[in-house]
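Each of the next two complexes has chain A plus one more chain, namely chain B in the first and chain C in the second.
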Partner chain A sequence: MVLGLIGLVFGFLSVPSTVEEASEILASHEEHHSSGEEASHEEANFVDEVRQEHGYSEHAMAQDKDLGHDAHEDGEHMEHVLHQMQAKPWSAAFVAAFFFMMIALGTLVFYAIQTAAQAGWSPVLFRVMEGITNYLLPGSVIVLLIVIFAGEHFYPWQNHELVAEDSILQEKSGYLNFPFWLIRGIIYIIGWNLYRHFARKNSLAMDDAEDLKPYKNLFKYSVYFLAFFIVTESTMAWDWFMSMTPHWYSTLFAWYIFASIIVSAVTVIAIVTVSLKAIGKLDFVNDSHLHDLAKFMFGFSVFWTYLWFGQFMLIWYANIPEEVTYFILRIQEYNPIFFGMIIINFVFPIVILMNSDFKRVSWFVVIAGVIILVGHYIDIFLLVMPSTVGPYWSFGITEFAALLFFLGLFILMVGMGLAKVSLRPKNNPFLVESEHFHY
Partner chain B sequence: MASGNVLHVLYNDDDILMKAVKELRSKHYRIIEVYTPFPVHGLDKAMGLPHTRLAICSFIYGLIGLSVATLMMNFIMIEDWPRNIGGKPSFSYLQNMPAFVPIMFELTVFFAAHLMVITFYMRSRIWPFKKAENPDVRTTDDHFLIEVDAADHDLDTLSKFLYDTGASEISLIHNEEHA
Partner chain C sequence: MSSHYEAPIREPLILGEKSYHDISVDVGAPILGKANKSWWIVFSIALIAFLWGLGCIVYTVSTGIGVWGLNKTIGWAWDITNFVWWVGIGHAGTLISAVLLLFRQKWRMAINRSAEAMTIFAVVQAGLFPIIHMGRPWLAYWVLPIPNQFGSLWVNFNSPLLWDVFAISTYLSVSLVFWWTGLLPDFAMIRDRTKSPFQQKIYGILSFGWSGRAKDWQRFEEVSLVLAGLATPLVLSVHTIVSFDFATSVVPGWHSTIFPPYFVAGAIFSGFAMVQTLLLVMRKVVNLENYITIVHIEFMNKVILLTGGIVTVAYLTEYFIGWYSGVPYENYTYLSFGAATGPYWWAFWALIICNLIVPLTLWVKKWRRNIVWTFIVALVINIGMWFERFDIIVICLSKDRLASSWSMFQPTFVDIGVFVGTIGFFFVLFLLYARTFPVIAQAEVKSILKSSGARYKRIRESGEDLAGTAADARTSKYAERTSLASASNAADTYHQSTVHADALVDTEAKKSEIDLMLAKIGTYDPATQTADDLKKISGVGPVLEQKLHQLGIYTYDQVSKMTKTEYDLLDEIIDAFPGRAERDDWAGQAQNLKQ
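The block that comes next holds the complex of A and B.
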């Protein structure tokens, strides 16, 4: 309860400060509108010049980024640059919004896995997980609104003039058209939030239940949700991320995003658990539970690397122009964070979390967790930014404000979710086993 | 092995076994060995066995595997016979590294796994065609056996104590050749 209050206060403190900043987002948005045209002229020439040296990538990028437009014709190119700059605040908001939404979503999935698998170790953490998923409803609605209103800023296939000139996009329009895309988005968030609603309801009902009915319901819903999720997660990844570059595709993509989602979620569960335990709210959680969470952090970090590399290596090896643009853009324009991200997301967890004893030291897990979260924020940043703003990226006030805003909202909602009920579940058939869990 | 007599104490449940092991240790009786049909979780801690060092071995073996893979691919693909595969840079290991990652990964796992298993066998003194060491064949089925060093304890009090811990059967083994 007390933590909920702390979360509330902290949430309120950080929200107002970012509301001001949010207006700055808009202000900077306006600035880009006006100054974009003059300022970017030099820049554009410079980029062209640099690209001349890499004939291959220039060709490849022209195909990818400009989607058939002639990039060298000054007027149209400028239009394109302006377009990318306009997309920047949208992207900044989307990156942060999705990052926190995916944490809530991933936690929900992790929770569903635990219930569906009838895991014996985790029921003591169920209230923590439910608290985190409290952010899912506002988070997913905001994300959906952002992708809807960003429209052409994100998704070139929504531009009818472009599609009219592009036979590839015309062929894809059976799937990539606005009404169907919108309906899919709505189905996703309705499905996810329905599960969250019923899971929470049955989990709370379990506290007063005489029989196992709520437990059985929860189990049933979890199974259905997991089946629903694995499909919607894939299409969500295609709809919201891959279709930003509608010519490019990768069959591994959805899995790779899922890896990012789940590792961030487990990390946040671990961090929230440690902080709740530190203020004495989770005395029944012992360091073996923490150890297991840290094992998941370690394991999913490696899993993420595996998928990331699986995607990278095949594209790198085949070197087909329409595929390799994705990485050329990221390596040329985002070099330090592109490779930095791999170090943060792979080398760090490997080194830090390898040792079994370190996984039981709470501050160690928190440090590792923060590093992993930073790494996966960059991962989402790299999913979105290169596709929307191209080379005109930066990490400035807009990105930071968006991050703060959604962090504040996240902490607020999670705090509210945690504060409402006792953190100690009752009557879960596996609770006793979980409390005595030792490794 | 023990110079004196040994008691073979049989149990038929792993929870009772765990409890018995803890009680035996709290009374400072010496447990020579415990035989179980399956790994009992937490038994090593209850017996006070030192933490396994197999993990450290496996890490070192993994590093060896990684180095072997790196050196091997560097020699085969870069130094000895650079080959142009799909226009990939063939004169620099670093630039061609992504192509070698699967091999590096596989050999790391291969070395770690195989050497670890071999180490485990050597450390446990197991080799092909070795005669089984378990004192009672029922420990390979559904019974659990604790070997307790009888030393100079009073056998009656000891066996009473052992029955109190839930033992289903106790037999006194006079000092034989324990392998």
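The block that comes next holds the complex of A and C.
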């Protein structure tokens, strides 16, 4: 709860700053865009250098309709830039909101996997996981509100004039139309939160239950939820992320986002576990449990890298104009963080968590965890920003304030979720096995 | 590993009243016994299929690839389909041994050996196809990056086909090492149990002189873990690279980024289906139903359900994104409306029905635990996964970007013959394996006997003591008493209070044996019983009576229950008159005195 209170204070402090910053940016976008535009053309052209082909990336990006470079007239171009500038605070809020929502969602998925797999090591951590998922309800509603109200700032296909000129977008309108898209978003949120509600209910009922009924219910709901999630995660990724650049597509995209979700979630579970253990609330959790969490952090980091590489390699290898712009833009305009992210998300976890003894040292795990979280925040940043604001990105007060606000809200909700009931579950059929767990 | 405690809710993984020795006997039986008739029948069929395939291969190599049904548009079809099919099947083995080891799944122990064997045999079949397809297999070494003096050209490192060469050969070697490492203690078990000097020699060599010392076990476990860590990324990488073959180069301009993880999931899916096919038969033929139980089958079905679900989502994604992309060419790829209604509609629907619809029945617990249905589903999935590869290659190629070159593929008898031949070869290898290798990793199964064996679960849940339960009548002469002791001695495992034998026995082991003896013949309770005059038994004098008292023997009733084993123990402890008790038939005398 102490942590929660601090979070609340943080949260309150950061709310006005987001709003202020948002309006400030909006007010001054006219000044910004002229300088921003110049800068983008002067930047060192990484892609061209690598390919030894002058003007390659310029040409490739010019081909891409999503980037709006086809509008050569100055007025139209300016309009586009203005549009991207306006999208910036929305994007900043979305990146942070989604980042924390996905942690809660990923934790829920991890929890469901543990119950469905009848894992014997993890039941001692179930209350911790349930506490983290307490953020899911507010978090997911905020995310949904952001994507709804961001509208055309994020999703060009919602602009009827644009669609009218674009035959490809017209073909897609069977899927990419506002009512259907909205219904889908609502379905995701209702489905996820329903599972969270019933899972928590049955988990608490288990404490006083005399038979296995709540346990069996929980198991059943977990399996159904996982089946529901594996589909909605894909469509969610297409709806909220891929359709930001509606001409671009990649079949792996949704699973790539899932990798980011799950690795961040496990990392947060580990960090929360370590902090609660440090204040003496989790005496029944031993370092074997921590070891296993750290193994998952390690494993999912490698998994994320695998998917990242799979997607990157295939798009780079095929070099199809419609697809390759996605990476050209990111390499060109976001070069340091694009490659930095891979080092943070792959090299660091590998090096830090390779040694099995280190996985049992709590401060080591926390350091690795913070690095992983930073890396995956950048990952989400890179999913959203290039698609919405193009080259006019920065990490300024808006982004930082959004991050702080949602961090505060997250800590508050998680703290509330953790404080409500005893952190030690009772009567879970695998609990004793979990308490005895020693590897 | 972890302690022997296991949640009672978990179902036992080893059925029947199995002791440690039972496991050795059951696993060793197929190797030490003779093959039955059904083995010879199946083996002959497999051998004929293999020889037929061999003939087709010889015909292909001596005549040329033209004997296959390939044409200008569809330049590879059955060969690459079969290749990927076999590689995919090979995936389950390493997944079970490596990934499930890392996840500490106990049920893997009963099936990992055969799954790994299957992996190796399947990869061998897979490797044949690219070599035959080369046309001049004696130049196969040209795929290696060797200097031009050997007559080859420098290989093209940009091609995923070359990466395949490295990935699959690495995979084969690591799987082989992994498999063999696990086999060492089991080979040693066969070496120690066989009576034939020839087998002793062979298995002695195969087991690399395994001695069973603690140091051996420690190294064994470390190596297993390291190999599991190495094999896990390898499993992923092999099929990832196989998927690159198609994701980058089937039809120029078409590719799909989901291929790497989706191929891996599909490979596990098909591999588990093949494991089911083989093990459902094998458990029956070599009487291993107590080790490969319905629980194992259900777990494997759950893995099939999970990987099948992932594959389903991947199919839907492929289909959806194909439409979503708005690219008209996508309508000619294997998962599209065009494919579903085009000339290869039957292949498309075979894929959908076999891989998506039929496995859905496994959601029902009753069907998941039905052996016949499981077998049918496994066969259907094997067929479906063959069609998946056929569809990806042949459907995609049949309508490439140039409408004038569109074409269909017609397999010749040679195509079919080679494929059937590899199936035959696979079964020949597997059947030989089933007769000469310990098909269950008995050393590993023994490590979970106490936690997951039905017998131990029963003993633990009834609150009895586990002490002495590991002994077996065939390996220890005190075993009979051991089991009795555990029955009567549950509450107090410490030595009997009526025994004051410190002068006679010096070791704890001896004391335990005395306890065991008393457990069988009954203990003397001074509070309720009166001591009989043991001197009335002929051959027992005052000194001997005193010694018997020290051992806790006071009554005729106790003496009357003695048998040869007890006499032997007495002889050991009181070595004054070897064989006397038996000669004088103390038990018979005491029986008479009792009345």
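In the analysis below, the second predicted complex is superposed on the first by the 378 of 439 C-alpha atoms of A that agree within 3 Å, B and C clash if a C-alpha of one lies under 4 Å from a C-alpha of the other, contacts with A are read in each partner's own complex, and residues count from 1 in each chain.
Here, a contact is a pair of C-beta atoms (placed from the backbone, for glycine too) under 8 Å apart; a residue touches a chain by one contact, two chains touch by 3 or more.
Just so it is clear, the structure is predicted and the values come from calculations on it, not from any experiment.
Q: Assess the superposed three-chain arrangement around chain A: do chain B and chain C clash, or do they fit?
A: They clash.
Q: Quick check on the superposed pair: does A:437 touch chain B, chain C, both, or neither? Answer first, second, both or neither.
A: second
Q: Between chain B and chain C, whom does A:311 touch in the aligned arrangement: first, second, both, or neither?
A: Touch status of A:311: second partner only.
Q: Which holds for A:429: it touches chain B only (first), chain C only (second), both, or neither?
A: Second partner only.
Q: Between chain B and chain C, which makes contact with more of the residues in chain A?
A: Comparing touch counts on chain A for chain B and chain C gives C.
Q: Let me test your reading of the model: by the given contact rule, A:302 touches which partner, first (chain B), second (chain C), both or neither?
A: Second partner only, chain C.
Q: Please pick the stretch of chain C from 19-27, 91-99 or 127-135 that overlaps chain B when the two structures are superposed.
A: That would be 19-27, the one stretch with clashes.
Q: Just which bits of chain A does chain B share with chain C as contact spots?
A: In the superposed arrangement, which is not itself an observed complex, chain A uses residues 313, 317-318, 438 for both chain B and chain C.
Q: Using the touch rule from the top, collect the residues of chain B that touch chain A in their complex.
A: Its residues touching chain A are 42, 55, 59, 86-88, 98-99, 101-102.
Q: Quick one: in the complex, what on chain A touches chain B?
A: These residues of chain A touch chain B: 309, 312-313, 316-319, 354, 356, 438.
Q: Within the complex, which stretch of chain A touches chain C?
A: Touching chain C: residues 118, 120-121, 168, 171-172, 175, 212, 227, 230-231, 234, 238, 247, 249-255, 295, 302, 306-307, 310-311, 313-315, 317-318, 320, 322, 429-430, 432-433, 436-439 of chain A.
Q: Within their complex, state which residues of chain C touch chain A.
A: 1-3, 5-10, 102, 104, 233, 236, 240, 244, 247-248, 253, 255-261, 309-310, 313-314, 316-318, 321, 324-327
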